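Each in structure tokens, the structures are laid out below.
In the two complexes below, subunit A is the common chain; its partner is subunit B in one and subunit C in the other.
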Partner chain A sequence: MELLLDVSLYGSTLRMIAPILLAALGGVICARVGIFNVGLEGLMLTGAFAAITGNHLFGDVWLAVLFAVICSGLMSLILAWLTIGLNANMIVVGVALNFLASGLTTYCLSAIFHVKGSYYDPGMAGLPKWDIPLVGDIPGVGGILSGHSPLVYVAFVLAFVLQFFLFKTVKGFRLLAAGEHPEGARSLGIRIDRIRYWAVLASGVLCGLAGAQLSLGQVTQFTEGMTAGRGFIALVAVMLGQNHPLGVMLASLLFGFMDALSIRLQGYALPTQFTMALPYVMTLAAMFLFKDRAYLRQTGRID
Partner chain B sequence: MLLQMEKITKLYGDVAANAGVDFTLEEGEVHALVGENGAGKTTLMRILYGEETPTSGTIRLRGKELVLRSPEDAIRAGIGMVHQHFMLFPSFTVAENIVIGREPRSGILFDRKKAAEEAARLSAEYGMPVDPHRRIADCPVGIQQRVEILKVLYQGADIIILDEPSAVLTPPEVKELLAAIRGLARRGKSFILITHKLQEVMDVSDRITVLRDGRVVATVRAADTNVDELSRLMVGRELVPLEKRPARPGDPVLEVEGLTVRGGRGKAKPLLDGVTFTVRAGEIVGVAGVSGNGQTELVEAIAGLRRIDAGRIRLCGRDVTGADARDLRRHGLAHIPEDRYRWGSAKEESVADNAAMGHTDSAKRSGFLLRGRLRRMAEAWIAGFKIKAESPAVKAGSLSGGNLQKLIAARELAHGSPLVIAAEPTRGVDIGAMEIIHAGLLKRRDEGGAILLVSSELTEILKLSDRILVLYEGRIAGEFRADEATEEAIGRLMAGVTDHAEHAVSAGRAGRSDGADLAASRG
Partner chain C sequence: MRRLADSLRGLVHPLAALAAGLAAGAVAVIVVGGSVGETYAEMWKGAFGSFYYLTNTLARSTPIMLIGLGVALAFRAGFFNLGAEGQLLFGALAAAVAALYLPAPPALAMIAALVAGIIAGGAWSLLAGWLDVRFRLNLLVSTLLLNYIAIYVCSYFVSFPLKDTSGSAAINQTNMIDRAVWLPKLFKGMSVHAGFVLAAAAAVLLFLVLRHTVAGYHLRMHGSNPLFALYGGVRRGRLMAWTMLASGGFAGLAGAVEVLGTQYRYIDNALTAPGYAWSGIMAALLANSHPLGTAAAALLLAALQTGGMGVERNTEVPLEIASVIQAAIILFISARFTRALLKRRKARAADGTAA
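And now, the complex of A and B:
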């Protein structure tokens, strides 16, 4: 087991966490305004595909990230319009959005790149790795913390920023109010629909970043359905972290670690199916432990 | 004149919710707005609070015409409203709830320290003590209401609309509220009070406007009128005083022994804790208490709608512990449920079908329903209980709350069952409907029915019951015979005051000099 838990495992944990954490932060914002965003998965997939496409079109990795953010932002507006504007059931819309993203990316993959299954261009540059000058030299942890794509750092910084925004600023306070008691907030002249739109859009943007990290940060390729349930794991992380950005960060750390561990275990003659199931077993276990937390009751009450 | 609403008309389709209503308010005045359900009180106030726009008519504030398009406009003009269902945020603190919408800030930051100071300052200035740091969810209802009023004051309101403010309060809390209103009025704040509790109206207001069918019937000074005249004006006819003969209790019909219902998981306190009592034929036993002290659970347990954890229930001498609702009904239970929409009716179905519920056994022949007989039954009740329904074919949901409640009461009483459970039989119902339902219950009693009346309305309990039980935190806190019961004594038990704690309360009372002032100034 000692061999198992070495520096590079922790390093890959951080890398694995980033997409889950980014999506989960989007989930937190939505949950806080009373929207149970089941569409995180689809939004992330959209982001992953758009990132590769952007890179292909513009030949610049940062423009690619921007393109991913814009595309999943637009996707999230569909979700916002249907659930907030038209009062459709948010779960149904979220599920539909996931199917839409899955179908759309598969279609576009063959339409744009003329390939099936996955697209990989050896000449395409991924996100750079940042070596953090001083941190990288610290013995032991230096190797873990340094040398990741910028989006990994962005994810962790955003968790703190979101925590600060929600609990320290006036705008954050009103966002919390809109989620806690929409009628009450409305009677005070707080424009709750506008807040809800912004929240869903923010989750779209964050999922765009998450997708970009998936397709440009870890590997530089797009595979059909490459999000592989990370959006749903992000939802569980939201639940496990009880809608607190920092709590969600810890929950994501746990899931990211499981993810990395499952990949590592494959090198130890364990059946792949077993190791791949590990994060999801963990997710189920987490659901059992927290089943009393009436997460769905708290959210899911948009009127 | 501070506020003038002139010739306010509001049409919904062809129906006039308000028809040419004139309403005025002076500075420092408490002006009560009374009327039956659907008389247009709430519509008028929603117009004043910017939640509705009038079809025609003008609003003048200090002589200047005012156009209100949203609550924000109203708040800016100094008009605040405390809704019947509080608009508070349970997980936020008292201070946060008071300042929300107009938060003190430094840059983009919410200055919570300043918010707490502001809340403390207001609280001290207006003599309404609150703890700024406490979470709303942990505050009793009376304090929550205080927070609502402080919030409106913080918003800078000079005119405060209170919609049914005392509906959820215990009698001592009501007293405190009325004292607070008088105190604020003396400081120049003006109040509009929507309520159907006429005694409170008489106690606190300067003027009273009575609405009926969307029109102003009268505006009178409180000093020149009385409760009887007000009810007459509201209903539009003379009310027949309820004739109540002394009860002649017979054999026990319902015997409840050690009834216990535990709370949900992780809740230490049981919802019902060893409740024991008997209801005899020919008597009405009233269960008083502030809602949420186990009444709902008690009724559901007896009616077979909830599992019992311990205890026995006997109905007409037969052990019915754990029986389901169908068995219970067959063995002699009729039930006017607390929630007329959830348990009492099928809103989407016709009045006739709703009337037939539970009566199908007596109106069938070889498996077929006798529609004609059911229809005649429904028509008889519609006439007998003066239910306003266009025909038995309309949807039950289209009836007003009071009329639907009358239908349910008629249906349940028509069984002639030995036991009738009447849970909040007149909640949210106007005086006319209340009168009819009360008469129905008394008639059933005189025919030898045993009636368990559960109500959070103390006046209702006192008016109908032959014996009164007080439920507090799932236990029976005391029992009274009707002739020895006083509102004071019951109110104390309802608030959880035992003889032991009596001392503390009287000390608290002395501290509230506003109450005494109020009594003196109005006496």
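And now, the complex of A and C:
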């Protein structure tokens, strides 16, 4: 019980949630235009690696984040072109993109840094920690909310921005229309393919930020396959949040909490394997709580 | 004759993708400042250069082929089973436990271990199928999540209750399986073992079942048009249960064969590190889920991987060049590149506009 009352647990929840939430917001945009983006995992991995590489090349953490965004944005354009332009199966392309990301990052890890497994440079600066002036002074909550990397705050702000964009702006309505009823939208002169390209590109950019938070936010380190299924957990968060940015934010909070809890539990007598498996078990359990309507429709189990 | 021409035409697309993949690999080699000719020569030598390397390639292709067949079966039915990794691990662990602790004569113990592998892999896969049928969980996502759970569960077993405490404590592994229970090697002193024969036979068997049986027809029909299959009276839940059971069974057999034929014990991380499961999925994608094609694709991927090791031994280019080439091939395949280009040209010719 004292474990759950520990303030730092909630602080690390916010840190762990950022990569999942950012990727999940990308997933929301894609899902809203009718694209089931299985490639989130690979895009995030690309971002994580590019962030470290950018930091190594330019020596500046913000240029590194920009580089991460550009690289995973480019990767996402491959996905967009194949699924939208060439009409390939989006699940197959997503899976293939994950292969490409894991292959390219391990290849470049050897080629650029001449190491295998992981790269760590103690001299490299990570993302700064922002202490929010007034919030930080609030007793109890202040320690939780303050002192995170800017990308953590960006993730939460973006959730609200996206909610507003989707449901309160004309462009957002067009985007929804493109996913809801493509033929109808097309008859109104909405350029569906262009919207889809932008949506996938947006998911690439968001995954770039997610990857940067992963490799630069906590310890400045890249490890092969360091996303460890977070892209897939983000997919579940998208379903659980019923494609609503704020709902997805709540779902991500749950998964981020599990992630943080599993790291915290390692200090206890439990075998590490159980604590490491916890986020995945909880994610699976969370899937019981919702119906993935798109999936059911596709498999002919609802009309 | 016409049939032959058709199947040859089917080969154009994979071969074009292979060429494109090798071209992408060449770019990656040039970027790190290596020589393309030398790299590919070393890769060829590493994969097929001598009888020893050739048998190495065959040994590596064995688990990839079996996993690929299982995945191809599920894909053919329209079920995105991406859980091969977990199914492989449970199959391997169950086979190791059966081989170690079953009080039976060696030949019987070997067969029991293979069967245990099939059952364990199949059961883990069936779990995902059951969750889909009963609770409507998206199979693609649940199989992915079950992989991570399987990795940690198997790692727990081999780190605590089943751990070999006689040797050094550094590696988490089970005890060594008795030599009499090992799968026989095909050639003395070479790494390829009887599992390869099993895998090749399984490919032919799966091809025949899919093509010539009613169940195979139902399965393919559901894969190409689920709504039509439902209308035709195919029961999705039952089909999914059997398909997932068989699909996971193949992956479980792959794990069992790997334990009994190559490693002789279950070693933590030894099956996940080489990425067998994902290579198997790639093989199925590469062959568009055709059983015989999947077997051929498994050989190709294994050759790229053993070739990559040769490249790393003898040049400055890292071993991961193989993963880059593989991923590029898959991406080109998934795009149905050539087909899309041909179609576009045809469409242009048809409506006479140069758009």
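The working rule: the second predicted complex is superposed on the first by the 287 of 303 C-alpha atoms of A that agree within 3 Å, B and C clash if a C-alpha of one lies under 4 Å from a C-alpha of the other, contacts with A are read in each partner's own complex, and residues count from 1 in each chain.
Everything below uses one rule, namely that contacts are C-beta pairs under 8 Å (C-beta built on N, C-alpha and C of every residue); 3 or more make two chains touch, one makes a residue touch a chain.
This structure is a prediction, so every number in the text was calculated from the model and none was measured.
After superposition on subunit A, the partners subunit B and subunit C are accommodated together without colliding. Of the two partner chains placed by the overlay, only subunit C lies in contact with A:236; subunit B stays clear of it. Looking at the shared chain after the overlay, A:181 reaches subunit B, while subunit C stays out of its contact range.
Between subunit B and subunit C, C contacts the larger number of subunit A residues.
When both complexes are overlaid on chain A, the residue A:189 reaches subunit B alone and has no touch with subunit C. Legend: residue contacts after superposition of the two complexes on their common chain; A:103 is shown touching subunit C, with no touch to subunit B.
When the two structures are aligned on the shared chain, A:173 is found in touch with subunit B, with no touch to subunit C. Per the superposed model, the minimal spacing between any CA atom of subunit B and any CA atom of subunit C is 5 Å. Judged by the document's definition of touching, subunit A residues 292 lie at the interface with subunit B and also at the interface with subunit C. On the subunit C side of its complex with subunit A, the touching residues are 28, 31-32, 80, 82, 135-138, 140-142, 144-149, 152-153, 155-156, 159-160, 226-227, 230, 236, 278, 281-282, 285, 318-321, 323-324, 326-328, 330-331, 333-337, 340.
Only residues 38, 78, 82, 86-89, 91-93, 95-97, 99-100, 102-104, 106-107, 109-111, 228-229, 232-233, 235-236, 239, 271, 273-274, 276-277, 280-281, 283-284, 287-288, 291-292, 295-296, 298-301 of subunit A touch subunit C when the two sit together in their complex. Listed in rising order, the residues of subunit B touching subunit A in the complex are 70-72, 75, 81, 83, 85-92, 96, 100-101, 103, 105, 108-110, 265-266.
Subunit A meets subunit B in the complex at residues 168-174, 176-177, 180-181, 183-184, 186-190, 292.
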